[in-house]
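Quick one: this structure, given as structure tokens, is what I'll be asking you about.
Here the chain labels run A, B, C, D, E and F in written order, and each chain numbers its own residues starting at 1.
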Amino acid sequence: MQTEIRKLLTIVCEGQLESRVVADVERLGAHGYTVTDARGKGGRGVRDAGWDRSANIRIEVVCEAATANLIAAHLRESYYDHYAMILFMVDVEVLRARKF
Amino acid sequence: MSTLDPVVLFFVLGVVAGLMRSDLRLPSAVYEFVTMLLLLAIGLKGGVELSRQSLATMAPQMGAVIAMGLTLPLLAYPVLHYAGKLKRADAASIAAHYGSVSVGTYAVVAAYLSSQGIPFEEYMPVFVVMLEIPAIFVGILLVRGRALQQPFSHLAREIFLGKGVVLLIGGLLIGWIAGADGVQPIGKLFFDLFKGILALFLLEMGLITVGQLGDLRRSGLFLVAFAIVFPMFAAMIGGTLGWALGLSLGGTVVMATLAASASYIAVPAAMRMAVPEASPSLSLAASLGVTFPFNILIGIPLYHSAVRLMYPEGA
Amino acid sequence: MSTLDPVVLFFVLGVVAGLMRSDLRLPSAVYEFVTMLLLLAIGLKGGVELSRQSLATMAPQMGAVIAMGLTLPLLAYPVLHYAGKLKRADAASIAAHYGSVSVGTYAVVAAYLSSQGIPFEEYMPVFVVMLEIPAIFVGILLVRGRALQQPFSHLAREIFLGKGVVLLIGGLLIGWIAGADGVQPIGKLFFDLFKGILALFLLEMGLITVGQLGDLRRSGLFLVAFAIVFPMFAAMIGGTLGWALGLSLGGTVVMATLAASASYIAVPAAMRMAVPEASPSLSLAASLGVTFPFNILIGIPLYHSAVRLMYPEGA
Amino acid sequence: MSTLDPVVLFFVLGVVAGLMRSDLRLPSAVYEFVTMLLLLAIGLKGGVELSRQSLATMAPQMGAVIAMGLTLPLLAYPVLHYAGKLKRADAASIAAHYGSVSVGTYAVVAAYLSSQGIPFEEYMPVFVVMLEIPAIFVGILLVRGRALQQPFSHLAREIFLGKGVVLLIGGLLIGWIAGADGVQPIGKLFFDLFKGILALFLLEMGLITVGQLGDLRRSGLFLVAFAIVFPMFAAMIGGTLGWALGLSLGGTVVMATLAASASYIAVPAAMRMAVPEASPSLSLAASLGVTFPFNILIGIPLYHSAVRLMYPEGA
Amino acid sequence: MQTEIRKLLTIVCEGQLESRVVADVERLGAHGYTVTDARGKGGRGVRDAGWDRSANIRIEVVCEAATANLIAAHLRESYYDHYAMILFMVDVEVLRARKF
Amino acid sequence: MQTEIRKLLTIVCEGQLESRVVADVERLGAHGYTVTDARGKGGRGVRDAGWDRSANIRIEVVCEAATANLIAAHLRESYYDHYAMILFMVDVEVLRARKF
């Protein structure tokens, strides 16, 4: 089964940012995204659920490398200074590459 | 009976469990559910009473209450910024929290008075709703001046459309439109269960409070002192206002408590979006970690006895 | 009192909050909880009444109701397929939705009648349960003819073992076995809180409805028209049937409303598995985005006044 | 009325739905919510009654009950280890489960007696709380002897700070401090809704029970036999103790049932941490898959009729 | 610490498919799977939770490359046309390789 | 946009272990972690939610390869014998590498 390579960009950030980050992701050319609720700890301390005041979300985007870089750069610009957020990227094999 | 209202014992249970590192935790969906019920119930209650009042008679009181909501953060800000050496954004954000109110604290003072058999103006929830928001604007203006980072519309949405505010105001409007009779059939859920739901809410609040202690240690002694002293000061203002407005003894205790309470629902969400450079953990550590427990454990009885002096003839 | 039943105001609140893009949302676990309570409550209520009736006397009515459930989709299908030019699978799937019933809409009409003090046959929930399923089979047969993609057993499971149906039928059986006295101890949760729970349910439904508008725009004007006109037409059939069966005025209004309502719990799940090529967003956009709000805001009062004409002597 | 208490019908519904592979499932947040309410309610109830009793009079009874909690696992262990050829860790872990109690089973026997109009000592929940823990220590000592893998403090935390125990004990203390009047305002949630909440709990328990059947098949016939025979034997001990303590007929039935019940909340969590080499699926398959259904469907009526023989004069 | 290479196959699809997809995954030779609830957006529009009518799930399977390809091919066959579903694969290092 | 390489270590284990595993992860030098709730099936059978008696969690840690190996080795030592647990690792690109 032949597959093609795309980038999987994973973003972990505070839940309150969901609507904004997701909008950015789409605007910058991704064709879709998947969100899961998460909790965790990082430079800005523990982020645990409750009146979703401080819960995290985990956003996955499968897209072309260029798009992934675009999104990553934009997120770093807009959110890194003030918001709890990390992101990492990895190459993945996909079917139906045109979808992504 | 114990000096602590039973519902407050649930808060204590939460604190103790948290300090002992129990794995007890309300599932976040349940905590959200419980909070929504409280917000709707308070809104509905306020709306029903509003439908009983003539707006004309209430207008002056409302104006005064809003004025208080605008003044308190202006009093808190310089203390935090100059005395406390806090960054401008942090000082403004914390000031906004303390200018606003805590729905949970209101619920506790209402429970406290009712279990002491002390009556108070039924329309107090209206003031709760009205005090949520003004301080947020003051807080934002304190940082941004008129130079807002984002379009104001976007900002107003963050403020008015945060779910906390929507449920309070939505409940208020529904209660107002439906009136006492209309709301009666849903009262079994929103009113009869209120105290039980509040107990669960306070249980989780206790656990959350403990979770704030870590941030608190980092945030320093000044903030802890502020989170105790400012509320007492604010309570005097609120109490005096209640008394000046000719509220009953109970109503004045509520006003004092509202002034003393600090928001942790509407304001954090709004400030996070409007003033992202302000550290959310600072304001939450102060309002959740110190002021909330202080108010429900010590503050409310304290304000009560203080107000008693203003009402020599009793009620 | 306002023409809108208070519980419906929660639906309006949800719609408004949704349109204004508030982040208000019932946690999905809570929405599921609330839905489960409604389904069980309706099932239990039906079962208790069933235990009071002699099946013999109800059999004919049941037969007639099932017949209606089988007929409605057969009437909807050609309209959707030929007039609406919808793909066969989509037309059949939507037809199944409109042949079945909406539990939420039933709850609202029941609340509407009770708050208007209009009595209706207590055993109506039995019909709600019975109308859930027949239309699904018709819908499937309309696409597959006799050539079913999957083994029928597997299919029947999808239909009868979907949690919605299990809770309705399970509640019905429990109510039937336990009877009024047996159910009484659990009534404080399932019956006393019913309207409050319904209010929360409708709040979320309002938010969900708004979420459907996007799909609706894509699905075109014909579907919107169908989602308003067909229910009114179906209401006439349901009303006439209720009248012919000698139901009270209230009961006839319920029958009209049931006929007019479109499922969004049992049917979508079943059709998704049985007829995957049908677009779920089309049928949900129609039933949730148009028909549900239409029925609870306009339809029910409309059907009520129409039915009044059939009952000159009042009830 | 049916021989099965209505709440038990919800368990049956869960089992049937599970066996038929319905996708019905309480969202885990809701199941946790419902369980928390039961634990708090039972704790509160016990505490309120405790505040009515003089500890002096209850001390001997409490001592006897704890002694039973320590003895039962010592009786179960050899059977499991020698007769059943189970690994030492597994035998000890299962023994701990059966020495402890099942809160759900207690709730069912209480519902059973009340719907039969049979009175029992109101302070029974105190024994429920007290029986939760002793068996855990016995179980651990049976494996580790005195050589504990982890520091005892760490272990005690796992045991006493597991959320199940915290809610039971916390509720007990709150009920004790607040007393009947103090608890009354929150009673609408914790007491009035108790049976409805129990019904939902049992619905999910039914589904969970079915989920255990797979593991059960693997665990073999001996364990199934043990999970039925040992409870009946334990019930005799519990019943005799209750009778010797001079409890009422109802109280003795409760004691028998408590002895017969096996924990699935406090003990599994504690044993998992203290004796990780013990397979959790074995003990859960036995206690959830066999003993729980056996007790609520057959055991309780059985113990009831057995106890009746001990109380010729009726109550 | 020596590790071996296996495939991590990640499937995002509509929640209603859980029991069916999971059955397929096991039948086709995987020794385990992990499921998390998710929401998201793709070609078939937003998929958000609620009476789990339209929520997504995210299934992860660690298995041998051959098995992963087998599963991927089967899923594409059976579900791509009519259901919301994507999948992607990446090589991961595992301990206890025999488990997978 | 220049990025650096780090290891993404993913651990799936029974939820009851959360506090202990997370403590280990931090002690062994990771600067953060992300936790999501999960269910699944493996050698120790189905692990499904409910009074979180047997639900799983999924812990992700982005850190240096050495740290990842350290953590993996420690977890295998401490938990593999008696607890439901798997883990796998993959190289990912990160921004702000100093964070990890």
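Just so it is clear, a residue touches a chain if its C-beta (ideal position, glycine included) is under 8 Å from a C-beta of that chain, and two chains touch if they have at least 3 such contacts.
Keep in mind that what you see is a predicted model, and the values were worked out from it rather than measured.
Between the contact lists of subunit D and subunit E, the overlap consists of C, F.
Taking the CA centroid of subunit E as reference, the farthest chain centroid is that of B.
Counted by C-beta pairs in contact, the busier of D-F and E-F is E-F. Here subunit A and subunit E face each other with different sets of residues for the most part; under half of the interface numbers are shared between them.
Centroids of subunit B and subunit F (each the mean of its C-alpha atoms) stand 39 Å apart. Separating the CA-averaged centres of subunit B and subunit E is a span of 46 Å. Taking each chain's centre as the mean of its C-alpha atoms, subunit A lies 35 Å from subunit B. Listed for subunit A are residues 36-37, 90, each touching two or more other chains.
Taken residue by residue, subunit C touches two or more other chains at 23, 26-30, 32-33, 193, whereas all remaining positions touch fewer.
Interface residues of subunit A, counted against subunit B in their complex, comprise 14, 16, 44-46, 48-55, 81-83. Across the interface of their complex, subunit C is touched by residues 1-2, 4, 6-7, 9-10, 13, 16-17, 20-30, 33, 111, 115, 192-193, 195-197, 199-200 of subunit D.
The part of subunit B that touches subunit A in the complex is made up of residues 26, 28, 31-32, 35, 204, 208, 211, 214-215, 264-265, 268-269, 272-273, 276-277, 280-281, 284. Across the complex, subunit F is touched by residues 1, 3, 6, 8, 22, 26, 31-37, 60, 62, 90-96, 99 of subunit E.
Put simply, subunit B touches subunit C in their complex at residues 27-30, 32-33, 36, 157, 161-163, 166-167, 170, 173-174, 177-179, 181-183, 185-190, 193.
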